[in-house]
Amino acid sequence: MTEFDPKDMEYRFLGNTGLRVSVLSYGGWLTVTDDSEKITKECFEEAWKHGVNFFDTAEVYANGECETVFGKVFKDLGWTRSDYVVSTKLYFGFGEKSPNGRGLSRKHLMEGMDKSLKRLQMDYVDIVFAHRPDREGVPMEEVVRAFTQIIQDGKALYWGTSEWSSFEIEHAHHIATKFGLIPPIAEQPEYSMLKRDRFEAEYYPLYQLYKYGTTVWSPLAGGILTGKYNDGYPAGTRYGDASSPVVKRNRSKWESPEGKAMIEKVKQLKSVAEELGCTTAQLALAFLLKNPNVSTIITGSTKVDQVKENMVALQVYRKLTDEHVENIEKILNNKPDYLKLY
Amino acid sequence: MTEFDPKDMEYRFLGNTGLRVSVLSYGGWLTVTDDSEKITKECFEEAWKHGVNFFDTAEVYANGECETVFGKVFKDLGWTRSDYVVSTKLYFGFGEKSPNGRGLSRKHLMEGMDKSLKRLQMDYVDIVFAHRPDREGVPMEEVVRAFTQIIQDGKALYWGTSEWSSFEIEHAHHIATKFGLIPPIAEQPEYSMLKRDRFEAEYYPLYQLYKYGTTVWSPLAGGILTGKYNDGYPAGTRYGDASSPVVKRNRSKWESPEGKAMIEKVKQLKSVAEELGCTTAQLALAFLLKNPNVSTIITGSTKVDQVKENMVALQVYRKLTDEHVENIEKILNNKPDYLKLY
Amino acid sequence: MTEFDPKDMEYRFLGNTGLRVSVLSYGGWLTVTDDSEKITKECFEEAWKHGVNFFDTAEVYANGECETVFGKVFKDLGWTRSDYVVSTKLYFGFGEKSPNGRGLSRKHLMEGMDKSLKRLQMDYVDIVFAHRPDREGVPMEEVVRAFTQIIQDGKALYWGTSEWSSFEIEHAHHIATKFGLIPPIAEQPEYSMLKRDRFEAEYYPLYQLYKYGTTVWSPLAGGILTGKYNDGYPAGTRYGDASSPVVKRNRSKWESPEGKAMIEKVKQLKSVAEELGCTTAQLALAFLLKNPNVSTIITGSTKVDQVKENMVALQVYRKLTDEHVENIEKILNNKPDYLKLY
Amino acid sequence: MTEFDPKDMEYRFLGNTGLRVSVLSYGGWLTVTDDSEKITKECFEEAWKHGVNFFDTAEVYANGECETVFGKVFKDLGWTRSDYVVSTKLYFGFGEKSPNGRGLSRKHLMEGMDKSLKRLQMDYVDIVFAHRPDREGVPMEEVVRAFTQIIQDGKALYWGTSEWSSFEIEHAHHIATKFGLIPPIAEQPEYSMLKRDRFEAEYYPLYQLYKYGTTVWSPLAGGILTGKYNDGYPAGTRYGDASSPVVKRNRSKWESPEGKAMIEKVKQLKSVAEELGCTTAQLALAFLLKNPNVSTIITGSTKVDQVKENMVALQVYRKLTDEHVENIEKILNNKPDYLKLY
């Protein structure tokens, strides 16, 4: 068993809580393969060596298989429970055609929580997220009551939101105030150099009012910020197989005038990265780390080498001067203005 | 004195209140002329004849002069106070360089309310609106406390918002719940056939949660929906004088690809209007009246004839079938989807 | 009448309110003379020219005479009420041997408020402070209820504390929460380069929790920070007359080892001031302005020239670099540490 | 099994609760030895014979070993659970480099509580204390929510504070009021004849407002009040080994002018003790027992004889007249004044 050693990792409070998470964290995967357990274990160990203490998954990832593998790996590694932080996310269910098999009804939240814990072989997760808002009619009171009960039952220490609008997050706080329930403490939002409006502007008052925490996903904008699509879609990459409908949709997005403009920016970022002696991906992570409203960036990877490479972002972030940031802002030219957005 | 007669006007509750407002109402003007008092009186009388019972103004309109003239006209006409509904709006102050001369601080709200009432020669208005959100740092608790006190002091019966985001309106409700204060009951939003997203999608949950009321302004999209700019900018119209910077800005908006597409839609609407034997403007008002979340449409005009013409929209609205609406929707092709917008 | 012009003054929100006060403000005097009215008017006008919009007094200053003169001068000057901010402070009463003639009982607060407003010839002050905590037995509930009623009666817009402990301020907030009353929004504390513990350490959590505002008094530590006592007590200065018991007490304070060490620091500050081309007093004010938890510094003076000189502190503050501050901190060597103080 | 017999012990309510604790209680030890279990059992039995019913430990004492031994001894002795009161304290964790391994985050409190109970082999403790305030950023709402849940989960009957400032204790009460949670009921403070300010003055309003309880530690001021350091540091005593840095630090404290003055007082107290036929240590305990705001004094000792000797303090306290107290106060000359302290 590798004992936990924070080394030179940076830890931040997850929003207005006393829970400390490493600013770079490790996220679960969407597709399962024969050696998922072996690879996951290796990636966990590599991340652990760098001081990563936060691991994120979801019921829907690989239809529950991701949680199952996470559970086995945690057990196998035998780490002290207080040394690491685990989160999962409920909403999508999986493979269930039943009308109550997904969403944020009390029924799905209570049943889904128990199923997740069973797969994870844990008594509790540290954070449980509502993986999406439920706009099909479930009242917010039901949602906040269910999460409050999950916490009071000892099955989670905190609850959060994922991809909710600022209106919905504020409404959840309103309902918590009204009924004396427990409000959510963090959002798991998409945020990257190329997608900033919601994170930086729409959520701005939430940081002011609640010191709302954030566990960022897709920090590399689906891989575009690695620069690997700067000159087309190499075979073997995510967008390499043009026959898949998902790939088609994404390619057409990147080939639109807006998409091309973004790729142009990525190319320019490359020269800043080179100056700093790092990859565009590392620069993209480092830039987000400069934002104090980022609690942690969830990096996903199923290769040990990539885990290692991601961790270098921490060094880059420490080297990033105000001047670098200014140059990057000039290239991006997409800094949102809270006062004007509305 | 003309006694009030509802005739064939339609009255709707202003949101979740017991206050009934005519679905077509009369709004104050921004510029004062020598005969403002005379014209305003004539317009009031014309509207009154059609059953209009709601008159809207603001401290900032013509730097207080609009309120002053409204006050004189109401006094002159001698109508029974319970027959009509008056609203004003606080935020902008006027002519004051003083740091506390505008905004939503308790100081400006209390002082501004008293000044408005003095100009209006009234003990109270029916509704006072926050003419804008104050994003420069005044806490929502202060805003809601001040409006609550204004109501408890008997200076207004209700308070509302104008051009607030749904987040801000929900935050005001949260604060009212938290401290046992009085929440706002209606929004004064911009809404027209050509600008629908905020009204129909962003505010959608507010209608569900609070039956939030609305007093619509700019229902003709700055005049474009009259069709008078279908073929350029005639002299004597609002956009006729190309030397004014405001006009220049607006013209360039209408001459952009998006602007041209809108004017194209207005042209197509004209044929629907002709079929119904009405003007495009009347059709534009009638279409909004079909939306049950519209409490009232504020029509502004400083010509008696135009007041008369606006009132015809009520007849058009009553003739508008589902089939007409469907045709209009096809032409507009801009129906927002709440579920997708976020 | 001199119209208000903010010029290059800086305005800050008074804590977590929407009320903006000039960072340098003008405070009332403790002793009345024959030409108090004339001098006060001249000082008001001088301050006004520099953009000062906040004027502070107290019932006890010159046994009510300060309020009376302030009232006359405001009336005489005819300034627009929304352009300026007035505060007064209740607690000490004056000249009253009656058991209920002072303190924070509801009786004294309600009676004292009305008397102050009468002397000031105003309907309301912007802020009313509790000039001291009342530790003789009046329950906090009574205090918070009385100030809440004063505000709801329209006699003040906000209430604050003066020389309260952080415990007492937190207790007032607790009581306000418990009974749905209005909490205090700012403290009027003694704060200077030579007296920092309470302001910077004891109150620290209040800035975090409530963004509590501050209207600083005695920023020159009773004159010592002017440097005029660096070499004894010149005749004509506050401590010049050795026959007064107050002077004796103060002299012995400054002649103690601690007092001498402080005077030594003041001498060293003089060289920093000279480098910046300003007086020690101006440097002392400028240093406080660098603290973002200072809402405003109340400068007291009954000489027009001194008002003028005080205003220069604003320029000094704008010139003060991090390096200057660092040098000053080395000289002062009294920076309090919140974490260690308790 | 020795049946419980209150004999002539005095029991006091622990603050504003229905829980009765013996005024002299027994506290856990910081260092473990081979015969810790045997000695602890003997001391427990001796205390028990005198009617002691309250036993205090902490997760950090001897890195969890103190709890483990307490657990074994309680099991071994087989006393009826309702006859005794056990408290533990959470905050410091032990041996964990992990960012979440200590402090007052919900994570550490929930995990720490479970670990403590496992070591103690108990389903619940009577009182759990927050061993320190957490000033590194954990919000009070999180702390009070976690302790409330620990109580509602049946893992503790009450919660308390240790070495918190009066501000922090009041803030905890505020948060409990605000969210309908359970407030702390007692403080575990350092208090002795030589350290009185916080206990007697700072906490004074807490006794008035909440009848706040106290479980005093270090009543002999680290042994100085035994008088054994009156003439230097004998070998074999805590401060006997001059090579230890802790000892050096403490020695230099006692050798400062203030330290010497204190030892002088201890010498004078000896004559009062002799007059009463007791030791200085017994007098020191008896003097504290005269303070009705003391709920219990935690006496620590790992020698049966010393337990016996401590118990004599109860007799001394009963003999202590007002005149004795007056004499002691003259010697101590350090009675704090609540009204002047702030």
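First chain written, first letter: the chains are A, B, C and D, and each begins at residue 1.
One rule holds for everything that comes next: a residue touches a chain if its C-beta (ideal position, glycine included) is under 8 Å from a C-beta of that chain, and two chains touch if they have at least 3 such contacts.
No experiment lies behind these values; they were computed from the predicted model shown.
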Distance in touch steps, counted as few as possible, from chain B out to chain D: 2
Interface sides of chain B and chain C: same vs different residues, half threshold: different
Centre-of-Cα separation between chain D and chain A, whole angstrom: 45
Chain A and chain C, separation of their C-alpha mean positions in angstrom: 49
Junction residues of chain C, two or more chains touched: none
Arrangement of touching chains [line / ring / star / complete / other]: ring
Touching residues (chain side chain A, partner chain D) in the complex: 3-6, 11, 13, 16-20, 22, 53, 80-83, 85, 126, 151-152, 154, 157-158, 180, 182
Touching residues on chain B, where the partner in the complex is chain C: 93, 96-101, 103-108, 110-111, 134, 137-139, 142-143, 145, 149, 152-153, 179-180
Touch list for chain A against partner chain B, complex: 133, 135, 165-167, 170-171, 173-174, 177-178, 202, 205, 209, 338-339, 342
